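Paired with subunit B in one complex and with subunit C in the other, subunit A is shared by the two complexes that follow.
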Partner chain A sequence: MEEKRKMIKVYLAGELFKVPEGSTIMMALEYAGFQLKRGVGCREGYCGACGTVYREKGDYKLQGGLACQTVVTDGMAVAQIPFVPAEKPTYDLEDLTPDVNTFTELFPSVFRCVSCNTCTKACPQDIEVMDYIQAIIRGDIAKAADISFDCIRCGLCAMRCPAEIVQYDVATLARRLTGKYLSKKSPELDKRLEEMEAGKFDEEIKKLKNMPKDKLTKEYYNREIKIS
Partner chain B sequence: MKLPYFPGCTLKTTAKNFESSALATAKKIGMELIELDRWNCCGVVSSLTSDDLMKHLAPVRNFLRVQEMNKQEKIKDENRLVTLCAMCYNTLSLSNKRMQENPDDLDKINDFMHKEEEDYHGNVDVVHFLSILKEYGFKKLASKVINPLKDMKVASYYGCTLLRPKEISIDDTEDPKLMEDLVETLGAKVIDWDAKSRCCGSYHTVNNVDIVHRLVQGIIDDARKHGAEAIITSCPLCAFNLDTRQSEIKEKNDDFQTIPIYYFTQLMGIALGIEENELGLEFNKIDPNALLKDLKLI
Partner chain C sequence: MYPDYMLKSIKNVEKTRAKRLQLAKKYGKQVYDPMSEEEREKILNIYHPDYKEDALRELRIGPNKGEKIINEVVDVMEAYPRNPSKTFDLSNFDYETDVLVIGAGSAGLSATLEASQKDVNTMLVTKLRLGDSNSMMAQGGIQAADQEDDSPVNHYLDVIGGGHFDNKKDLVEALVMDAPQSIKWLEELGVMFDKNEDGSMMVKSGGGTSRNRMHSTRDYTGAGICRVLRDEVQNRADKIDILEYCAATELILDDKGQIAGAVVYHLDLKEYFLIKAKSVILATGGFGRLHIRDFETTNHYGATADGLVMAYRAGANLLYMDSVQYHPTGAVFPEQIVGFLCTEKIRGLGAQPVNKDGELFVYPLEPRDIEASAFIRECEEDRGVKTPSGLKGIWLDSPLIEQLSGEGTIEKNLPAMLRQFQRFDIDIRKYPMLVFPTLHYQNGGLEINAKAETSIPGLYVAGENSGGVHGRNRLMGNSQLDIIVFGRRAGTNAANRVLDGVKLGKPTLEHVDKYAKQVEKLGIDKNIISPMILPDYIPEHIKAKQLTTNYQGTLF
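What follows is the complex of A and B.
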């Protein structure tokens, strides 16, 4: 016998729909007949394409979430943000230094932050967005990289920021600079790159490339992982 | 004595020598300045518009951290928040005063942070490290001086933000003595001069540097005229203008006589016998060592 699911009311882009309880916002949109072309991606909470703002019934707070991860509640009003029109500077990492001056040049809006914390409240990843912007203002680029590590670049912070800061692009630059200039260098990596360039693994890669899928799967799950 | 301490952004970037020397001197006299666990820019410069409350969120968030530290018993019944940067002192003090005197504004700020932060109760007292030293007692401080700055002629430069507006001034607005008392305590000779609370040109340094050259030259000429060999300050922006701009003034005007600029905590450090590597003298632009060597202080 088919299980009958309870239906709840949600407002999608201003229109009232009844959708099955327990649906994610994305499931609700598709159930209601919306064909998603933008604002949809991996459907697993990793890609950050489905940033959405919503209000729950009886709550005055405007909240942010990922459509693929947020479960609808009765009376919820939802608006998808399919694209964030952010200004994005181009740069060559080789020309930059990992300090505050780089951000003054490329992202001067960072210094407009008034510490309202709206960005943090909008973040579906629970990142302390304001804290990493503040870390950059005081030149602590590595800390900004660390705090922002889980950012999936959905852009909700930038959409809500009254100072028009593009936080997620700022954070991306902080992580790039940290990776290139501030993190501890790994001598093992240099050694392995040399080995790769010298062709040490060519034979093995060739063997894997020509392996039938079932055998490859078996090999993959039986692989040995060495952590030294 | 443990005191919550707000560094501010500049002390973490261009004025690292101010912070390192201040923390070392505080430690030397038995004070522990505990940096707030989390803090944000003070909000500089203080907004003078009456309807722009959002600019006061930044200071209030920092006051909340002091409230939290008391609650977590990291400090005991200590509502003072110590600042070093004169600009942070000014901005934080003015905001705090506004919150304390205008309950409606405080309510609005607290409402804005609803479900996010606890309410700020207006209990924090923003103090400058110089005031903490005064309270500690200059007599007591004198007893800790092991390397007196004998015969060093020091002009104390207050600039604007420690003294104005009057309501938050750390001392008499027209005739401040606090830094002079410190200078005397350290064994140096106090220079009485005219330019101690004149403006250095402040942010004009960004896009109107000629103004800064003119003002800085006026200040330094006045210090020299009154026989000073060194200037001390408590403001990273004043220090930047006074220190960095001198070589440019010298290029324009050959007769100009440069003068070393120190944070007051750097000279305090010398007098208290603190290791030079903690004073960050290498960051000072006009050679800070020649005078100290001449006077056999290092």
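What follows is the complex of A and C.
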């Protein structure tokens, strides 16, 4: 199949290569002969290791995407970002409150947001990045957590932001505060933990552990299935 | 978008949808009879890749000598170490620490957090970036029996039955009994679990589960957990030393046979570092990138079984390395995402697998090996759909989800899946997904006990590179649980060993030379070295002209 495919031109870090049409940027790099170690990770769009900037032929716009998810076009010029320089403030979640003051202290740059929306345009996950930064400024931490949920921390937003906000770290803190403090606690989980503490299931587990295989097999195939 | 001939087959799926919807409304998930013990055995024997005659071969050296294991694993085991011991000056260590954690997925991160909690010096080394791992990619969920109608006893039975009763009982007990507290621990760290309005957990079923106990963070469950653990490790920068882009290549022992540290290789600098440690935790993940039987894989770029190789050379025992997990639903179309995971949660939400004629042919939530075998059967008996590049698959009827549970269900519960296919102009709310089994998980691994200890004093293993927890088949949602439970246990026990005052003897890499001699006796080609470190996807015609062309595995 490979031989029959149409080849197109791409510029990888400035060098011209011919690669099969339909390749992702990552496939193109490997086809050209690069064995990747930076700018590569899960290869399925979940880890954010392969943030890449590119320009398409005849287009002045600098675009961002994940190398493993973006298909190359003829004449595309590509540069991978090996690392996003950013200083993450350290904190003890136990000492924080889920409100705007926490962000004033740890991420003062958030309040420099000029609402230009460049971050949103740069996001390969189509997250409304500016909206969650604005939600934080309004003190709506849970909203910011919700909007930013699918963030994979590729860093393309932070690379483009004129206010020099490190959005993905801000979002991580918003989600952690929400998970720990703003989500309602699960009553059944706490009850189960008390039961475990009291050893409620110890005997039955012990019984299963000591059961001969034939009896255990029977028990398994006869077990009641209650799923919805 | 699908080509016309595939759209024709989709018409068949649409034709039977109304009938199948009625079935689901009437019987819930039980739209097809689950297989009996005999039926399971039969379908595995005929169709599961592990059961093919040429899947396994005898391993000729090391602790498991004489055992038949997966071909591709034998290949990396019967390979030369990257360097003889004389390369390294063991009187001059680059780093010294109490607990060394190798691998920074969720198992390694959990272990690191627990060890550092005990105020021992902790060092974390990882081959790529912090958090780069299969953990980050998990979609569907994490199991824990915390619901009123459920109990760890039900969970135990599901795990051991799903694993064909080969699981180590103590490990299953640890897994299910630690599950509720693991969820609590994660929530306290700020993981945002999916909840109902009253705060109760939103739980789903998975293949082989007898209750709804799948907790999730949308369909980014692995990321939802892993990115929190990574952030927390970074917060403790004053207590934890981190080395990125450092691949461990050998374990160092002492003259008493205890663990004493590791050799790591910096991928950018091409420089070796020697690290001395009183306890070592291996959390290096699985082997998907060995592409067993040439299968595509859902796995991370770094999943090359390095930990297995290092520990085996140092004398640790392997368990169930004759067993591979093929996830039933890997994407086969479009070509750019072939092999990618389509989470089991899609079936958990009600999507049904159907063949090219639109017929339902299996209970949608069998354990993974059974479900995968049924998919392979359909394709081998010409009831699958062929893609333009020659692959075959069956339909996973995702539009059914919204007909069952209302519009918006997919966007809310499967945002990653929706996005993945939308990038290639396929709307999974309207069109089914074409899937085929993909190499997903290493069921076996290095044998551990419930303290995550191996047979080598001071060497702990947690997560996918361990063996015994899941027997010969893991259920969905139990690996996310495994990495937290055994990651934490490994971290605590490794730190305790230090606090108990373990004394190290003279460090040595003699075992590496001894192993190399045995490899040489087998007459293996000198260019075959391991651990592999990273796979190589450069096309043959270019590789043939590269300087390192004669080597297998990554040299850099």
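Everything below uses one rule, namely that the second predicted complex is superposed on the first by the 188 of 228 C-alpha atoms of A that agree within 3 Å, B and C clash if a C-alpha of one lies under 4 Å from a C-alpha of the other, contacts with A are read in each partner's own complex, and residues count from 1 in each chain.
What we mean here is this: contacts are C-beta pairs under 8 Å (C-beta built on N, C-alpha and C of every residue); 3 or more make two chains touch, one makes a residue touch a chain.
Just so you know, these numbers come straight off a predicted model, no measurement behind them.
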Point to revise | Partner chain(s) touched by A:V114 [first = subunit B, second = subunit C, both, neither] | key: first
Exercise for review: Check whether A:F149 is in contact with subunit B, with subunit C, with both or with neither, and answer first, second, both or neither.
Suggested key: second
Practice item. Once the structures are superposed on A, label A:P162 by its partner contacts, choosing first (subunit B), second (subunit C), both or neither. Key: first
**Study point:** Which superposed partner A:K61 touches (first subunit B, second subunit C, both, neither)
**Key:** first
Check your understanding: Once the shared chain is lined up, is A:M130 touching subunit B (first), subunit C (second), both, or neither of them?
Key -> first
Check your understanding: Should A:K185 be classified as contacting the first partner (subunit B), the second (subunit C), both, or neither?
Key -> second
Exercise for review: Considering only the touch criterion stated at the top, classify A:R138 as touching first (subunit B), second (subunit C), both, or neither.
Suggested key: first
Practice item. Quick one: name whichever of subunit B and subunit C touches more residues of subunit A. Key: C
Practice item. Have a look at where A:T97 lands relative to subunit B and subunit C in the superposition and call it first, second, both or neither. Key: neither
Practice item. Please write out, lowest number first, the residues of subunit A touched by both subunit B and subunit C across the two complexes. Key: none
Point to revise | Touching residues on subunit C, where the partner in the complex is subunit A | key: 28-30, 34, 36-37, 128-129, 131-132, 134, 136-137, 145-149, 151-154, 156-158, 160-161, 165, 169-170, 173, 176-177, 180-181, 183-184, 187-193, 195, 197-201, 205, 209-212, 217-218, 220, 222-223, 227-228, 231-232, 234-238, 245, 267-268, 298, 300-301, 335-337, 340-341, 365, 389-390, 415-416, 419-420, 423, 534, 536-539, 542-543, 546, 554, 556
Revision key, fill the gap. Contacts from subunit B onto subunit A in the complex sit at residues 7-9, 12-13, 38-41, 43, 54-55, 57-58, 61, 112-113, 115-116
Review point. Which subunit A residues qualify as touching subunit B in the complex?
Key: 61, 99-100, 113-117, 121, 130-131, 134, 137-140, 162
Study note, to complete from the structure: In their shared complex, subunit C is touched by residues of subunit A numbered 1-2, 22-24, 27, 30-38, 40-47, 49, 69, 71, 88, 90-93, 125-126, 145, 149-150, 152-153, 172-173, 175-180, 183-189, 192-193, 196, 201, 204-205, 208-209, 213, 216-217, 219-221, 223-228
